[in-house]
Structure formats: structure tokens, C-alpha cells
Amino acid sequence: QQKAKFQANVHSLTDLCWTKCITGKISSTTIDRSEESCLVNCVNRFIDSQKAIVGQLDVMGGRT
Amino acid sequence: QQKAKFQANVHSLTDLCWTKCITGKISSTTIDRSEESCLVNCVNRFIDSQKAIVGQLDVMGGRT
Amino acid sequence: QQKAKFQANVHSLTDLCWTKCITGKISSTTIDRSEESCLVNCVNRFIDSQKAIVGQLDVMGGRT
Amino acid sequence: ARTLIEKINEKCFEKCIPKPGGSLSSGESTCLTTCMQKYMQAWNVVSQAYITRIK
Amino acid sequence: ARTLIEKINEKCFEKCIPKPGGSLSSGESTCLTTCMQKYMQAWNVVSQAYITRIK
Amino acid sequence: ARTLIEKINEKCFEKCIPKPGGSLSSGESTCLTTCMQKYMQAWNVVSQAYITRIK
């Protein structure tokens, strides 16, 4: 069940980061360097962002 | 369970109306007057719209 | 349960193909000829596309 | 018909009420009715095409 | 509050981090905090309007 | 692999078949194959980055 959660996260991250990073026409079967670094940064910044939000919610006293 | 339905509705309305009403850059932590009235109108017009559709479906004899 | 799957497919195909094919302002209650052929093509090409992907996955040895 | 209503509302709200005002204008009301009928027709076309294809 | 966190992250990531770089800049961090508070306020406004309408 | 196929089809249909015609052109077919391989590679990159980050 944790594996299912992991897979669901990878699916939604790939969806989001694909839309953000693979913006041109599809001409090559391989991801180029700048696309790859965009994908990796996208994953890491998304997790940073989530942590920042959760941290801030804690500071605010866990309201909601 | 009705509470879950209520919360799900508020989540999807906030999602929809945020996209419609909060269109500029994020510069202030507070919602200004025009954004607030847009959000309130968005909720009310969405419910009006839903009622109009359901009402029309009844007129048509509840087809489908 | 197969009926539910069928209906879910029709709902998501209508959603997708509506966005692709009904692009102008709503002025008539009826779908015109070019909109209708776009919708039919959209359904058929979407299924073609799905088959091409599944077929290609098989060729690749069903990886993932 | 729950999902159909939700889908119609999602699509037609987007098309007919781009800027929600203090009340539903008559133009918006007409647009919603028109859009709803059109969406249901699209649903039928798609449904028919899908049946034809998969059978 | 799981869904609220997910929604905030979805919306604020989109607004504040259009081009993800090698680390979170301080401008992006500030934007996230600001956006989060704004989103929660929007949630309250929507929630209140919805309650008023359906009761 | 159900969800992966659905995601690939969603993304690659959007990229490769912006205007669906009466049949799949060879250009569209090629684009689909290319896009599929690229999407799977992106999935691997994301998966790897995610594992590295959370472990």
C-alpha cells in the first residue's frame, strides 16, 4: 500500500514536471540535458514547496 | 459523510474560483476587496449554473 | 461494473473531445457538421493512439 | 446522471460565465441552456462513435 | 488537512515557481508563504459564501 | 501499468494529435512512439530524483 502511494506520487510528479519541462515539439526519443535538469529540479522544488507549506502551517498552530 | 461531501465541494470551489479570481502575481497575504467579491460571486454563480442545468434537465424530462 | 467503466470512458472522452472540438462561442444548441466530424475523429484517433502505445509497449517487452 | 451534470456545469460555467457577476445575466442563462443541450449532443456523438469503434 | 495542503502546493507551486531552479530562492520562499496565507483566506471566503448560500 | 498507459496517452495525444483527422498520419504515429519513449524516460528521471530525495 505504501508502494501504491509511492507510484501515485511518481505518476503525478511526472505529469506535472512533464508539462513544465517538456514544452517543445517531440523530436527526439531521449530527454536532453536541460530537460533532465529541469525534471530533477521540478521534483526537488515541489518537495521543498510542500515542506515549506507544512512547516508554515505548524508555525500558524496547525489551523484548519 | 455529509461533512466530507461539504469539504470536497469547498475544496473544488476554492480551486475553481482561485483560478478565476486570483489572476495576478502574489504580492499580498490578504485577499483584496475585488478578489473577495469575485470569489463570492464565483461561488454563487456556480451554484446558480448548477441549478439552471438541473432545472433544464427536469424540463427535458430527465433524459439520460 | 463494465457498464460503469464504459460510462466513465464516455465521460472522459466527451470532456477531452469537447475541449478540442468545441472551441468557439456557444451560439447554437446543435453540433454542426465540422464539430461532429471532429468529435468522431477525436474518439477514433484517441483509441488509435492508445493502441499504438500499448502495441509499442509489447514490442519493448512490456517494460515497467 | 450525477457525473454528467458535474461535467456540463464545469464546461458550461467556463464557457458561459468567464467573469461571474452579482447575478446571472439573461445572456448567461441562455448560454447555459444552449451549452447544456450542445454538451448532451456531444455526449451522444462520442458515445455512438465509441460504441461503433469497440464493437 | 491533507487535501488542503495538496491544493495549496498545486496552486502555489504553479504561481511561485514557474521555472524550478537548483534551489528555492528567497523570493520563491516568500511567495510560497504569502500564497499559502492567501489561499487559506480564499478557502475561508469560499466556505463562508457556500454555507450562506446553501443554508 | 494501467495508469502509465493512460498518462502517456493523455500527454502524447495532446502533443502529437492537436487536430484529429480521418486517420492517424505516419507523422502522428512516429510522434506517438517517440513521445512514449520520452515520457517513460521522464518517468524514470522523476522516479530516481524522488527516491534520492526521500531516502
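Chains: A, B, C, D, E and F, in written order; residue numbering restarts at 1 for each.
One rule holds for everything that comes next: contacts are C-beta pairs under 8 Å (C-beta built on N, C-alpha and C of every residue); 3 or more make two chains touch, one makes a residue touch a chain.
Fair warning: this is a prediction, and the values are worked out from it, not measured in the lab.
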| item | value |
| --- | --- |
| Chains contacting each of chain E and chain F, listed by label | A |
| Partner chains that chain C and chain E have in common | none |
| Pair joined by more contacting C-beta pairs (B-E or B-D) | B-E |
| Furthest chain, CA centroid comparison against chain B | F |
| Interface copy of C-D among B-D, A-E or B-E, judged by whether over half of the contact pairs recur | B-E |
| Chain located farthest away, centre of chain A as origin (C-alpha) | D |
| Chain C and chain F: spacing of chain centres that average the CA atoms, whole Å | 16 |
| Whole-Å gap separating chain B and chain C, where each centre is the average of the chain's CA atoms | 27 |
| Residue list for chain A, restricted to those that touch at least two other chains | 42, 44 |
| Overlap residues in chain F, where contacts from two or more other chains coincide | 4, 12, 16, 33, 43 |
| Cyclic ordering of chains (reference chain B, direction chain D) | B, D, C, F, A, E |
| Chain C partner contacts - residues on chain F that touch it in the complex | 1, 4-5, 8-9, 12-13, 16-24, 28-29, 32-33, 36, 40, 43 |
| Residue ranges of chain B in contact with chain E within the complex | 6-11, 13-15, 17-19, 21-22, 25-31, 35-36, 39-40, 42-44, 47 |
| Interfacial residue positions of chain D with respect to chain C in the complex | 3-4, 7, 11-12, 15-16, 31, 33-35, 37-39, 41-43, 45-47, 49-50, 53-54 |
| Chain A - residues contacting chain E, complex | 16, 20, 38, 41-42, 44-46, 48-50, 52-54, 56-57, 62-64 |
